[in-house]
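Across the two complexes that follow, subunit A remains constant while its partner is subunit B and subsequently subunit C.
And then the complex of A and B:
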């Protein structure tokens, strides 16, 4: 039987309680130990085996923009703009806040924009103007 | 969906359009305007992406259950044998999808061994035979836990394996994609390939469920219970 949501909440609180408190807030400290350096260097996408509490495994219907993002990123790779490893590396390089903060395809579309700009294929001004145009078309205003 | 109609569709008043949606449209239009790819490239890929789904894998499994020679070929060379049911891993570009051109391995469940798949580093998944991965498969949460606590995770999916059954977790990557060939359940004797394919759900080919004669994609277990 699947545990109830309240059972899962209780378990999650218990497991989170096991995690050691960071000794100090991460805010560009004057000095860190070699151990801390090793921990901070761990690549953020390599999560296999990390402890975590159970959560419900929910199905989610794929939104229209999510499928379009998949196709857009694949077609950019098909035509040689990047490849899937460049995309994955760019996702990892977003840093922990964005990597864990964005939905899955939110990560993809964000790094697609960044990569096109980084490669000089699209300028920031062109992208901003196009975004305004698309918003206006949807009646959302600029 | 198509380039020509999607973004011209009227938006309900007050509904906020997602910034991700706006960004996708902006990049796609800029890419086409600048000739990075053509509208035809996009249309072709979209058509392929809309056609894939777990029905491909279900067909492979059902046929393997009925035809021992097909099963042998499937286990020996998944990529090549997929062609026998019309799935070519080189589609839709001639060199495969940029993310999925790879080796495809089919993992057979037995009374002694249960297989389950994951991609701990990201989200690799056998798209040509299973379609897009479910959202939970791509979460850091599933990626974290299933490699170290597979029995517990499977139990959370409602799959309780006897202690004597070995659980093998297969970590997918850019060049190796896996799919589980589940065991044919009792009560399906004499069934046709179509009947069998109907009970081979996506989750049974990921390995977080096992097929049951009374359980298919249209009749989820929660509905069966109620």
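And then the complex of A and C:
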């Protein structure tokens, strides 16, 4: 059974009490401690045992773009562009903000694009031009 | 040739990790039991950079007692968790005086 919003808030406060947000602002410091470095180089997908609040489970179907992303990534593997371990590593390489900011398949499609650019298979300008072309076709704002 | 057999007690090396690995931090430095052999495969530290001629190692399923992993574990004493570990991460468990 899913916790109610107020139960979730209470749980979140308890977790934050156990693991308070660091007070130090990360803003390209002149120096850091070894302990800070150990925290910063923690590999992002290694989440087991990290303190966190419960997240409601959403039993949702994949959207079309998610299925297409899956197939595209598999095809890139068949063509030798990468493998699933390269993809997972590339997701870690995104850094915490993008890793946790993007939906699951949003990470996949982002690192697929990044890997194609990294390997020189498309230029970042070609990719941006295509995004602009599609954006214009859909009449989206800038 | 495999270094460990099913039933062996093994410890996971508490080695530095950088950028990408598949050896969870909660098992590093901990001791468990080999319960299954898994096929040899390119280790994640090489596969993740597409080093197709990289290091191939046997993998093992290692079972840990939850009470050995979490200092304040409140579940049952008999609770366990299993994970897959490449051979290079494992060493024979040190001799223990108590069981």
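In the analysis below, the second predicted complex is superposed on the first by the 134 of 142 C-alpha atoms of A that agree within 3 Å, B and C clash if a C-alpha of one lies under 4 Å from a C-alpha of the other, contacts with A are read in each partner's own complex, and residues count from 1 in each chain.
In this section, a residue touches a chain if its C-beta (ideal position, glycine included) is under 8 Å from a C-beta of that chain, and two chains touch if they have at least 3 such contacts.
A quick note: this is a predicted structure, and the numbers were derived from the prediction, not measured.
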Joint occupancy of subunit A by subunit B and subunit C, clash or fit: fit
Touching partner for A:70 - first (subunit B), second (subunit C), both, neither: first
First (subunit B), second (subunit C), both or neither touched by A:48: both
Angle at subunit A between subunit B and subunit C, C-alpha centres, nearest 10 degrees: 60
Subunit B versus subunit C as contact partner of A:88, first or second or both or neither: both
Which partner, subunit B or subunit C, touches more subunit A residues: B
After fitting on chain A: smallest Cα gap, subunit B-subunit C, Å: 5
Intersection of the subunit A residues that touch subunit B with those that touch subunit C: 46, 48-49, 83, 85, 88
Partner subunit C, residues of subunit A touching it in the complex: 41-43, 46, 48-49, 82-83, 85-86, 88-89, 92-93
Contact set on subunit C toward subunit A in their complex: 17-21, 24-26, 44, 47-50, 69-70
Residues on subunit B engaged by subunit A in the complex (per definition of touch): 1, 6-8, 11, 13, 16-18, 20-31, 34, 36-37, 41-42, 45-46, 49-50, 93, 97-99, 118, 120-123, 132, 134-136, 138-145, 147-148, 152-153, 156-158, 171, 174, 208
List of subunit A residues in touch with subunit B within their complex: 1-3, 45-52, 54-55, 57-60, 62-72, 74-79, 81, 83-85, 88, 91, 100, 103-106, 109-110, 112-113, 116, 121-122, 126-127, 130-131, 133-135, 137-140
